[in-house]
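The following blocks contain the structures, represented as structure tokens.
Each of the next two complexes has subunit A plus one more chain, namely subunit B in the first and subunit C in the second.
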Partner chain A sequence: MGFEVLLKGSNMSRLLVGLAVALRISMISVAISIVLGVILGSLMTLKNPVIKVVSKIYLEFIRIMPQMVLLFLVFFGTTKALGINMSADTASIIVFSLWGTAEMSDLVRGALSGIPKIQYESSFSLGMTTAQTYIHVIIPQIIRRMLPLSINLVTRMIKTTSLVMMIGIVEVLKVGQQIIEANRKSSPNAAFGVYATIFILYFLVCWPISILSKYLEKKWES
Partner chain B sequence: MDEILSIKNLTKTFDDFVVLDHINMDVKKGEVVVIVGPSGCGKSTFLRCINAFEKIDDGSVLLSGESINPSKGKQNKTREKVGMVFQSYELFPHKTVLQNMILAPMKVKKVKKKDAEKEALVLLERVGLLSKKDSYPHQLSGGQKQRVAIVRALMMNPEVLLLDEITAALDPEMVREVLDVVINLAKEGRTMVIVTHEMLFAKAVADRMIFIDGGRIVEEGDPVSFFENPQTERLKKFLNSFTY
Partner chain C sequence: MDLDVLISYFPKYVEAFFLTVRVGVIGIGIAFLMGIISAFIVYFKVPILSFIFSAYIELFRNTPLLVQLFFIYFGLPKLGISISAEVCGVVGIGLLGGSYMAEGFRSGLSAVPGSQNEGALALGMTKSQMFFNVIFPEAFSLSVPAIVANVIFLLKETSVFSAISLMDLMFTAKDLIGLYYNTTEALFLLVVFYVVMILPVSIVGNMVEKRVHYKMFGV
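Here is the complex of A and B:
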């Protein structure tokens, strides 16, 4: 079946290192996206016309553009056009953060605008200050509304990192290809075993996150 | 009796539209004032001005002799003393009944959790909701939510309680359980300003009735003469619209 190729030499550990590369890119991007997404999403609720137009263009641009095109644009485009020598790692973190920030900001905006003004007033009417209202009343509700969807976004970002091999990053999928290539003669069936293993690795990473999302969704359902 | 609330020439406009036009009203300690009027007449805005939710364009609102001025950024100090219950309950959905009640006393008044809980349980017992103390708002009926909202406001021991159409969103069979709570509060001597469309309730609970139309107080008086012997045509017409 081709699984035996992974037992040869350091093949399995190379695959795991590849997975770590993919996870590192996605986790850094997720962290940046959360911070920037919360800031942008909050700004978007201010109803400032300039912010509104700029954020709308940004969101639409990111949504329409396939991630791979964006990746090529940033990695090859900027290097040539702007003369910036950017590592593939940096390029992919930029692209994934651009994407994650767009999606995250929309989630934050949705969650914030979903809380009616009178809910703030209800807290104010009890004598609570603006800070107390945000800390104890508004933010906990926003987190509850957002978390299941943001977790979903995290799994999508992890899965999409498989694209970064297109700009030369040796992540799990690329390592898999290398293993298959190197063992083409000795194990012609390696493709199945290697890709199946990669499938299982992705599954092992994303499944618990997905379960957590479902659990939270159920717990906070109201 | 001393005046808790003293409102002089209160005027409020939205753009060019005058919502409240030189309203004068005093509320004494322990008095229950019920405000009625057609929808859009400014009743709710009036309550919101008392609680510093609306910027007042002219006139003054004095609470125990102190001015309420929404522009000064000290509204939270005012609101500590003024309780408000809304038509849509506005409980905090992520907190249990008990947590809803003890949050503000603990954060604003720095009451110890144990003491706040003790007080909350006494109040819940009184409105028949002790068994619901650990329920979340979405597990309660509308009438139950509104009773919780009332006792949550009472936890701050407000000098005045404002009730803004608190039964308007309720199913008819739940109105009674909420109004009974309010009638009991009136008997205990709570000072309240109530906006409602429930005329029979108004008659039962009010020490004084006020009829607002077009942003002005058109008529006011004790409930008996207000309902049985209205002086103005507008009030007669308004009261008639409630009979078939």
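Here is the complex of A and C:
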């Protein structure tokens, strides 16, 4: 079936290292997206027309452009058009942060604008200061609304980073291809075993995270 | 940017555009059917089948399309199951999309309040009347936002087809960049064609969402 090729030498650990490469990119991008997303999302709740138009165009562009196109635009497009020469690593982190920030800011905006005005008014009438209102009333509610969805974003980020192999980063799929090529003679069925293993590996990474997100969503729903 | 280059590339992109749309539309159709069937089976807790379909939903929701396509296109032929790139694309989008659609329908079904069941039964409806005339229409309109989001997501995911050498928009752009090195023109056309493909879907989707919301809640 082609699984035996993974037991040869350090093949399995090479696959795992490849997976770690993809996960590292997604984790860095998630961290950047959360910070920038919270800032942009808060800005979007202000009623400033310039911010509104700019963020609307940005969100819509990211919403309709496939991540693969964005990768090509940043990796090949900037090199040719602007003369900037960046590594594939940097390009993919920029692209996934741009995408993640758009998604995250939309979540933050939704959570913020979903909090009724009465919450602020009651807090003020109880004598709370603005800082106290945010720390004790608004932010805890926002976190409850956003956390399950942002955890979901993490799994989507991990799944999307599999695309980085298309701009030449050696991650798990690329390593898999190399293993299959190297063992073409000795185990001709390696493609099945290797790709099935990668399939399962991705599942094992994303499944627990999506269960956590579902659990939190249920727990905080009531 | 060179206008002559743009004009000479244009027909290639048009061809790729129609291939992408064709595979996308057929795939999304299959995804829709798969989604409804899986959601029904899981909702009615059909023995054995509901376990199989839940496993399918979790498995495909938690893996990237690229990995799925590699498995189907390069892995399965080793077991003697060999399909063309185009069929592989349709199957990939269908299976991936099916799991997402199922999740959308499932959350719609679970969002219909229990009082609707009781109300329908109290009016003397049979179980099947209750489901098809009351529960399902409500659940369907509740899932419209998820369906719209999924359709856009799946259309975007078609860009991954280029990895299995299906001559879609992405593949055409990559090919032209490799052949003639007119990166700016190739990427510009790529962006334009994706906007032409997905922006209308996004706009119509928003309108449908608003309309359904209005019909349900009156605001």
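The criterion applied here is as follows: the second predicted complex is superposed on the first by the 222 of 222 C-alpha atoms of A that agree within 3 Å, B and C clash if a C-alpha of one lies under 4 Å from a C-alpha of the other, contacts with A are read in each partner's own complex, and residues count from 1 in each chain.
FYI, contacts are C-beta pairs under 8 Å (C-beta built on N, C-alpha and C of every residue); 3 or more make two chains touch, one makes a residue touch a chain.
Treat the numbers as computed from the prediction; the structure is a model and nothing was measured.
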Request  = Please work out whether A:R144 is in contact with subunit B alone, subunit C alone, both, or neither, and reply first, second, both or neither.
outcome  = first
Request  = Examine A:E181 and indicate which partner it touches, taking first as subunit B and second as subunit C; both and neither are also allowed.
outcome  = neither
Ask   = Where does A:Q132 make contact in the superposed view: on subunit B (first), on subunit C (second), on both, or on neither?
value = first
Request  = On the superposed three-chain arrangement, identify whether subunit B or subunit C touches more subunit A residues.
outcome  = C
Query = Looking at the overlay, does A:M68 come into contact with subunit B only (first), subunit C only (second), both, or neither?
reply = second
Remark   = After superposition on chain A, the subunit A residues reached by both subunit B and subunit C are none
Task = Flag every residue of subunit C that touches subunit A in the complex, lowest number first.
result = 58-59, 61-68, 70-71, 74-79, 152, 156-160, 162-163, 170, 173-174, 177, 183-184, 187, 190-191, 194-195, 198-199, 202
Remark   = Listed in rising order, the residues of subunit A that touch subunit C in the complex are 1-2, 60, 63-69, 72-73, 76-77, 79-81, 155, 159-160, 162-163, 165-166, 173, 176, 180, 188-189, 191-192, 194-196, 198-199, 202-203, 206-207, 210
Residues on subunit A engaged by subunit B in the complex (per definition of touch) = 116, 118-119, 121-129, 132, 136-137, 140-141, 144, 220, 222
Note = In the complex, subunit B touches subunit A at residues 51, 53, 75-77, 79-84, 86, 88, 90-94, 103-104, 107-109, 136-138, 152-153, 156
